[in-house]
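First comes the structure, then the notes that go with it.
Labels run A, B, C, D and E following the written order; every chain starts at residue 1.
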């Protein structure tokens, strides 16, 4: 199935591995991506809180471009981008005056025909249709599925059904052989909203998430959002410093987990880009069969 | 009478001026393709010469869509009533095709058969028809099946036939025709003997109307025939209103406080309520019966009672029909039925 | 034989229906007309292409056609919606008609309203850009120009009521123009009569019109009366969420209300 | 020909001060159809009225226009005068020359001109008036009370004590409703069952009350004074006449693990059971879904042990048809369950319970004998948190209203807990404390001040478990607005009070309106709080909106007094200003095309379906018919009817049209 | 020539606006004489066609008024009316009919002053607009009186 693709800034920068892993698993998942031509910033940065018109105009232009390119569905892996695009589509559908106003600004026709989808939705659907029989290396670990905020809020845009205890990612993880744990911080705030201004609060909030996951026996945290990943992975040192605890638990994008289960090379999946090394003490025997190393090290801080 | 002359196309403007100056209202076919109708005109520039048919016929000149006939006024216990005299301004109906010109005979027969219609007759009397022969037709035209033709002179006072792009053959057919030509005799030159036949459209005959008229009474009881033909008929009045010979009308009073007028306006036998009695009985309850009435009236009743055919083969009804009820086709089909 | 013809043939052979109402060849090569196929071997008469525009749902209510027995009707999307709307207005029952949707690949007879509802759920709806542009073009005129426009348009109206006759939702046995105690609408096709008639028709179809365009197609004077319906259909959808003909649920926009309906025009 | 009389009133100087009454009378005399036109000082005086009466007889008037004050003032007066003069009262109309003309305009020619216009408009109208006759409807003096909670009980007793018959229908096996489940009632802390059960017994024993328990309303037709109800008596599987209520059957029933609805699933019951010991009637029913015999075909132990042989496994549901004159809907409420709250674990933590469950824990007759114990392990909670507004006042949860009783019962719960667990810690999270009511505020203060319950003003965002404790994470908005976490052993949610799950279905059955929350709508929020839009149907208790016991009882008594008022006459008489559907001859029979789009527009559900059939019973068409007993004459259907098949008597299309033509 | 005096027709419900106008009277507030009221039980009864009839019979301006939302004597008639007017106004505007001649209002039985103000405002506004000659009339009363020619349709 051919589907539009909007990378946004994160997938070209801090979360390149998300991009890489999505592209890597696409063929097996029966997905083909077409990038939106001439795309622009989604406005999730400051724009949407500072300028009401800009907040809608930026995403509307992206959607209009996708429409023009004949796309029916647009995959937006970054949750922040997803939220802006989905919110824009929702508001413009509801409010004809606003739609008129925004069309005037972007100077492009806009119908609102393009469905905006996040990675979780698309991968769940693709997994159901295409993954059967393709799992060669089941990801046999206890995982904490961390949804964060954008997949479940606001409820009008939520794609997960039980917004306070979503199950979609958990189900997907079961498909690739993982064992999702029941935990309390699935949809708690990681602090990304204060990512730059109050890193102390971020460390505190993200720290609680990691603490609960580890406390309940998770071996990996699975995320679907570049911001979540940044806070749980990149800020691990700050978290440890604040909580006076050491956590070795790695944080993976769901696409990376699927990729591993499909037997795709860890480097292709960008695992080496993580700050917290992705290694599992009790790696599955088949995963280490052709490796001489005593423990499986899938990534490191070496680049 | 029948005298033939030539008038150049460029002279028409002058002729129009003279007619207007002579007190005539000139009405001719104007408008864009698909929307050509008879309207008052002052110059031939706006007039169309190249169209197959106007949407509506020019019958409104003699028989308007609506027309006030009487006024009344209540005052205390009194009712005052007064006639509104007919308005019949001298009119030239310019550019009527031979089928339209032929339709006047049918209208006249209806409006004068027992007594003279005070509102129709003066208008007809004051109307001069400058006909225009047809140089093209379409698949809906069937004038040749109903006794007419693209160059038929019946009903016209003057009949113009375009001989080429520049000149017309003018056949002056009546006294009325003579007087409108007489307004500007200098514009007319002697005919050079060119026959108009070459210029005329070729309209194939689809049926013989005499046979149809003869056969219809025996078809009357064949309900299935009428039902089958009219199954797709919607029962609207489009065919009747665009028809040059349809003459049904309704009479209505319009009131405002204590004054009022009595108005006559078009009606159509296609409507379900046309024949509804006060008792709620409706002799033509079904659409098939109304379709039969339409065909019988034009091709049987009128020829029999008024000695005039009720159809001139202009094809307007069929062109206007939303569901492609094609009169020519259906009458031809009736003609084929073995009785 | 194409799929439509085959389906029609099958239905007739199985006696599932007594008549298939569809489109056949018309007077001109570009014209289509309604045909009423009653014998399996007549099925090849059926045509379906771009030129088939008439909303055949009208015939489902026509007494003469009804008398033929249960009908299958070749249906574009507007016709399907018409059938559902007629059902909500108690004019047809679930067993009385089979819909043959075309234009979406295969021809799968829809034998009940639930099936039509389901079919329509997957059909895109809303108004086309062209429809919206035409409305916008008129709305952007000045008040005086709008009046002049409609005055000129409506002056051509001869009150033949072809619009009413072609409209499957205009099924009243006695239309308001025929109600004469009092005579609401002047009978003559004068300006007042024409204006009132067209305004009333638009209002009577507001919230019910499924925008099939048959009225404008039928008008011998080529008046764009469909724009009046279109305007109200758009308004009814935007203001009240009215989308007639998508289900048999009774939710006529003018017989329901929300306390929060907008009222900034009321002082 | 019409013969209209016009009577112009001077109203002393009130009209004649600015309007030239003589001129109006003179001009009016010339209007077509007017045969008599006079002016007089005071038309409403006896001599004035006599002018009208005499003229009716002498001039053989067919219509009268009195041009005087507002018809809202004196229309009844002049219509009565006409009736006394021998003219149908509905052939009299008034032109409002005082309030709408002389009082609001200066003395100018235009004022007199307007007065003339007003008279002419009414003359044209009255020419088209038809004689109308009051509509009389007989009244069946039996009331149907739906619901046997405190609202239904109160209403039934009041109506029965007024001397009228009552049929009470209760869907459960016993009457009593939610009130029977409560422990002690605020603010007096008297025992709920102690005050309720005598009333329940009174219902059962009242000679005027017929009680159907384990029964539901199946269908309701008809209109005020003349309803016909069909009641479904569900099969109890016992012969009530033989059963003595000895209780041997449920002692012997082997299936003892069924969660008890009465005990809010905190206790168990048997398959043959009475909901609670004080049940009325105190006779068991068999719950067929859990009975081994009905499910597996074997058992019949109860039958074996029943000393009176009262068990009837083959009993069928029974439909009973009754005629009633009025209906009181008192069907009560439900509370949202804990699984409604995703942020509190979607109901997965057993120690998070609802307020109603806490009532059972606190009740001396409850599953724990009144000891507050955790459902999970039976431990007595050392720390307990109460969360008010659980769902209520939360548009995001779809419940924007206040459940009204939670503030009070939460205070009561906290107080009861403190009374029972002296060392325990109790927290109450709240948004606002709404304690409007006699002794209510004092009660809450006592909870806070004397029983030392910690009231935290703020909401709880999440509850999750951590090492056997429930972590209650919220915010205290009063203390520097800091997030707080409490490790509680038990959490009680004051979950929202909501309409019964089938409230909508019931409302549609009764053809009454309901609001967006499925609570039944009263006819007017202030002036008709116990009547419903459909005449003859009344409402009491929490099925209309959340309310506490005193309010419920007050409303129930009010509804009962309305019913008693209705039953005080043998016939109802109403103004004939109602809609009618026109009929014509065959083949159409009516211009009504039966689209029934008018149906949902009628605020009174007065539009019925009438089938027109041939003599041999074949259906020709279905057309609308107005139930004149129900129609109130607003005319909304008239404006909506495309074919003008519906008209409104007294304000017909012809009349209004004539007014406009004469403008 | 005397200043043009418009004719304004008011369609009002019996329970609120008619009563409100009664209150205007009992309070002796003054307003323009140009208004003629048509009393109906409820705004729900006011057929949109009545408005066209009023224009067709010479009204230069129209007022439609009833109970405020929630106050309807019949509980919901005005809600239904409101929806009808919403669409009707859009249609009139689309057709080029001047909405400055059609006014909708809620006037309660307590708003006598509002009624006076409303009438005066509408009368002034319509007076400024001039006679509504543009709107076709059922009959031209004046020309009939003079037995003048009557329009003939083509």
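Keep in mind that, in the parts below, contacts are C-beta pairs under 8 Å (C-beta built on N, C-alpha and C of every residue); 3 or more make two chains touch, one makes a residue touch a chain.
Values in this document were obtained by computation on a predicted structure and should not be read as measured data.
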* Structure fact -> Sorted by label, the chains bordering both chain D and chain E are B, C
* Would you mind checking the shortest number of contact hops between chain C and chain E? => 1
* Structure fact -> Between chain A and chain E, the fewest touch steps amount to 2
* **Comparison of B-C and B-D (more C-beta pairs in contact)** => B-C
* **Most central chain, Cα average position** => C
* Indicate the whole-number Å distance between the mean C-alpha point of chain C and the mean C-alpha point of chain D. => 41
* **Between chain A and chain D, centroid-to-centroid distance (C-alpha), Å** => 51
* Structure fact -> Per the C-alpha means, the centres of chain A and chain B lie apart by a whole-Å value of 77
* Asked: If you average the Cα atoms of chain B and of chain E to get two centres, how far apart are those centres in Å?
  -> 44
* Structure fact -> Contacts with two or more other chains occur in chain C at residues 174, 176, 184, 186, 188-190, 254-256
* What residues in chain A touch two or more of the other chains? -> none
* Please set out, as single numbers or ranges, the residues of chain D touching at least two other chains. => 588, 601, 640, 653, 657, 661, 663
* Touch list for chain D against partner chain A, complex -> 342-343, 345-346, 396, 462, 464-466, 471
* Quick one: which bits of chain E touch chain C in the complex? Just the residue numbers, please. => 48-49, 52-53, 56, 69-70, 76, 79-80, 82-98, 103-106, 118, 134, 136-138, 151, 153
* Structure fact -> Listed in rising order, the residues of chain E that touch chain D in the complex are 5, 7, 9, 14, 18-19, 21-26, 28-31, 33, 36-42, 44-48, 50, 53-54, 57-59, 70, 72-77, 80-81, 84, 116, 138
* **Residue ranges of chain B touching chain D (in the complex, touch as defined)** => 74-77, 255-258, 279-280, 285
* Taking the complex as given, what residues does chain B use to touch chain C? -> 34-35, 37, 55-56, 65-66, 139-140, 227, 230-232, 234-238, 240-242, 250, 252, 254, 263, 265-266, 268, 271, 273, 286-288, 318, 320, 322-324, 326, 329
